[in-house]
Amino acid sequence: MAMKKLINDPANLVKELLAGFALAHGDKVSLTGSDLVVRAQAKSPDKVALVTLGGSGHEPALSGFVGEGMLDISVPGEIFAAPGPPRVLEALRLAKRDAGILFIVLNHAGDVLSAKVAMDLAAKEGILLRRVLTHEDMSGGPRGDGDDRRGLSGCLPVIKVAGAAAEQGRSLEACAEIAERMEAGMATLAVAVSGATHPCTGDVIAEIPDGMMVVGMGQHGEAGGGTQPLKTADATAEIMLDALLEDIHARPGEDLFVMLNGVGSTTLMELYLVLQRVKDLLETRGITLARSLVGEFLTVQEMGGFQMCVGRLDKELKALWDAPCSSPVWTVK
Amino acid sequence: MAMKKLINDPANLVKELLAGFALAHGDKVSLTGSDLVVRAQAKSPDKVALVTLGGSGHEPALSGFVGEGMLDISVPGEIFAAPGPPRVLEALRLAKRDAGILFIVLNHAGDVLSAKVAMDLAAKEGILLRRVLTHEDMSGGPRGDGDDRRGLSGCLPVIKVAGAAAEQGRSLEACAEIAERMEAGMATLAVAVSGATHPCTGDVIAEIPDGMMVVGMGQHGEAGGGTQPLKTADATAEIMLDALLEDIHARPGEDLFVMLNGVGSTTLMELYLVLQRVKDLLETRGITLARSLVGEFLTVQEMGGFQMCVGRLDKELKALWDAPCSSPVWTVK
Amino acid sequence: MQFPGLDGEIVMGAITHGLLARMLRGAAAEVRENHEWLSRLDSVGGDGDHGTTMVRAMSRMEQALEADVSGKIPALLNDVGWAILGVDGGAIGPLLGMFFVSMAEGAEGLEALDVGDLAAAFEAGLAGVRAQTKAQPGDKTLVDALVPAVEALRAAAESGKEILEALHLAAEAAEAGAELTSTLQARFGRARNIKEQSIGTRDPGATSIALLFRGFEKGVEPHA
Amino acid sequence: MQFPGLDGEIVMGAITHGLLARMLRGAAAEVRENHEWLSRLDSVGGDGDHGTTMVRAMSRMEQALEADVSGKIPALLNDVGWAILGVDGGAIGPLLGMFFVSMAEGAEGLEALDVGDLAAAFEAGLAGVRAQTKAQPGDKTLVDALVPAVEALRAAAESGKEILEALHLAAEAAEAGAELTSTLQARFGRARNIKEQSIGTRDPGATSIALLFRGFEKGVEPHA
């Protein structure tokens, strides 16, 4: 697979992309300090702040989730690499407030470690924060063994509801509880149909043989599931949904959201087919598709495939899901 | 290039994708009649209606442009094929009103012919409408010889400003004038770096050799420009911007918008690099990047590359650009 | 002249409703047999779907033939036209659809068509097509096959030719016109984008017209 | 013992600021020489960037060495630690960074380190790493090289070994620990996702630790 990317010097890739990102979404976000992405209009300091960190190369994630009703700060790292603790600490200092910081960390070793160091240092400075770890990738291991489960695109719904709660002025405890409730009720499963390349090194991220697909692929092409023949949209939807519903123990009568996150070259066209099938399958099980979200939110360069994230919604979470927000990836009036 | 798409029976592809599309964006759009895409909340009948038509397979276009402050109805055709006149006529009948219909047609033979037949029939039924043709693809031929220039993603800004004008209650004449002013001041140029496949037939849409790119590729892989070695993001931006600025005769002191429309597998990351460079280049020419739009609006399946659309903005067009809207692809509060 | 074995629907020298249906079925068969060639021609300068679209148009036409209970020539032609207009098929759908819709107008009120009536109906069809497009003969479109075909039919009518003979001459003229398009540069349709590179290949739309007229002829030919 | 030719900075049996700088430069050289191997190891169960990230960390370390004007061991170690923390480099950055930052705390107030001080500083560094991760020896991480290395240094100090000898024993122990990781299944880091498939390859992080200790030794060795 020859790399065909329109880039400049790989050494400046992240700096340049952040500059362009801030330019493209200047009404919603801006850059500050050591390339921290912050809201264009800062949230009132008496409200809980939301901060996250993570590698770049997954655009629009994670910085695209910054904005009113969502994140206050994202700390973007290098391509697929967590930012180091100093910049994370810088973000925590910037967000420091009496109301506290909800610190959302996706479960990947680098992110977790960087966050841990930064939090330890922040604690010494009297910065009040609560960490919420997202680890909803069911391909990592059995539910309960949380450490094995990576954080995939499910961070988006978590950020949406917790961000809405913070915007409403709820306490740190309340925001953390909401984030954790959302997180605990969800699971994500990925399918990959074609590979991608690392934009700096040209290294192949996942090679998927012709006519095959891989269920359970991680965010950087890590293996984790079975290679199997490429299926129809309907059959793929069914395989994935069945596994996810079993994982979250979904029961008839429940309300769920479904997010379909295209990871790169898979078209919206395909995702719409999958969503349609998901809805029908849920109906036959007596489950309501209460909310849905289809698009490219957390990508893996030009990889083909998508992540299906399914989660439980109660009345409060639904209201928070529907609450106003304004970020590059999600605007609710 | 082996086709790797998650689809079902190709014969039902468009029906299925429209159902999923309407489901995913049920708060903004719905399906009616013979799969016409309409706004979830209809516009007041005393305001001008906006209608368009076009082939499918370009998701989110064109139906993703339906919503408050944008289109009232889109008539989606088969994959890459214009809808036949009867469904177009159905849409015109549905939109019929004393205020009139602004009928936006992208310059492709099929669309133009289908629109023409439908308009002739509509005229017999006393339906008041004005057609606006978008044909801003500068690779088609010299400016002025409009018939040679195809309608590419530039329809989006046209729909945005004309839709905003209609929402403000302006007359059909005024809306048409605004659409035409926007259209006359813009040009689009496409670059392709990798090909795609037709989802129904598996046919290759554009084969682009390793290490090469094609400037001036049409929306369905039609040739139209030169094949050249793949360049950096900066160099590509410069080649394209220079050509576009010359085409629209941009002068120092002017305000322009730039839209970068990813057509499939090219990442947002790359588009952000291009935008950054475009801004710098405009600055050195004394031109202001007054508005920008980066994303995937009108795609060509999994093709790699993007369309750069550049256009003149006056005070009124800027205000209309910023006016509230709510469609699957564009929401302004 | 009386064609034997054709359900007795034949009126000497005139196309009845039944014979029209045969003509149309003949056209459908001819297109179906050659659809891969049509797509191949379209893939040079267009999007390679012309054969597929024509087959879909022909299927719609056959459905209209199946559904028709009017027994009237104009009604049948109008239904066929609308059926073809209903194909989401790019350029060819509206043009071919309007050809038949306009033909129906040209045959208004007639129970059967003699050679002159047939020429008039085809002339109306051609006018319907030309109302939709600025394409002129020489622009490498279906107009290049349709104009000579209709002219040949009119000439045959003027010189008192029989229907089968007239249709044969029209088919020959359409084929000659289509063949000639390979020397032309496309000025309409997707193929205009490839400019000079369109020279050397027949226009797919013109080729379809040639196939339709060949099929009309075969449809009314006495069965061997 | 006095090493000749080392700028007169050597105090018998103790690591001065200048010698510490040599140790660190030695480590950087050793990693740089082997970075492709490190990335190859990481590409089995991880994302293949470990060598690249380590090189970036070493470059940052060298910048800190360059910039250092304190002349103090704790300040130098702390600067090096923060420099490495500043690398956007996934898992290894925070762990290695905290290793040096914590070492600095362990050397607080000292002008030079005798073998016992050095052991204590490394123990503080190890504790700093272990405060960040639940990984235990046997979990196939850098802990598997670091623990035996630090233990060997402590044992050498207890038994009155000289610094060079002590660093040699630590390097040997680190290498043995890193080599042993090839028999283990990864329970931390990205490689845990490939489960049993991680067996058979050395852990990249542990391998880096072995290279660092080998480099420490080489850095203080008398020049040939």
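Letters A, B, C and D mark the chains in the order given here, with residues in each chain numbered from 1 onward.
Just so it is clear, a contact is a pair of C-beta atoms (placed from the backbone, for glycine too) under 8 Å apart; a residue touches a chain by one contact, two chains touch by 3 or more.
Fair warning: this is a prediction, and the values are worked out from it, not measured in the lab.
Ranked by distance of CA centroids from chain B, the top chain is D. Chain C and chain D, compared by their mean Cα positions, are separated by 83 Å.
The distance from the centre of chain A to the centre of chain C, with each centre set as the mean of the Cα atoms, comes to 57 Å. Each chain gets a centre from the mean of its Cα atoms; for chain B and chain C, those two points are 34 Å apart. The residues of chain A never reach two or more other chains; the list is empty.
In chain C, no residue touches at least two other chains. With chains as nodes and touching pairs as edges, the resulting graph is an open line. Chains that are in contact with each other form these pairs: A-B, A-D, B-C. Chain A meets chain D in the complex at residues 14, 55, 77-78, 80-87, 108-110, 113-114, 116-117, 120, 140, 148, 150, 201, 203, 218, 220-224. Against chain A, the residues of chain D that register as touching in their complex are 43, 46-49, 52-53, 82, 84-95, 97-98, 131-133, 188-190, 192-194, 197.
Residues of chain B touching chain A in their complex: 2, 4-8, 13, 16-21, 23-24, 56-57, 59-60, 193-194, 199, 210-211, 213, 230-234, 236, 264-276, 279, 289, 292-294, 296, 299, 301-302, 304, 306, 324, 326, 331-333.
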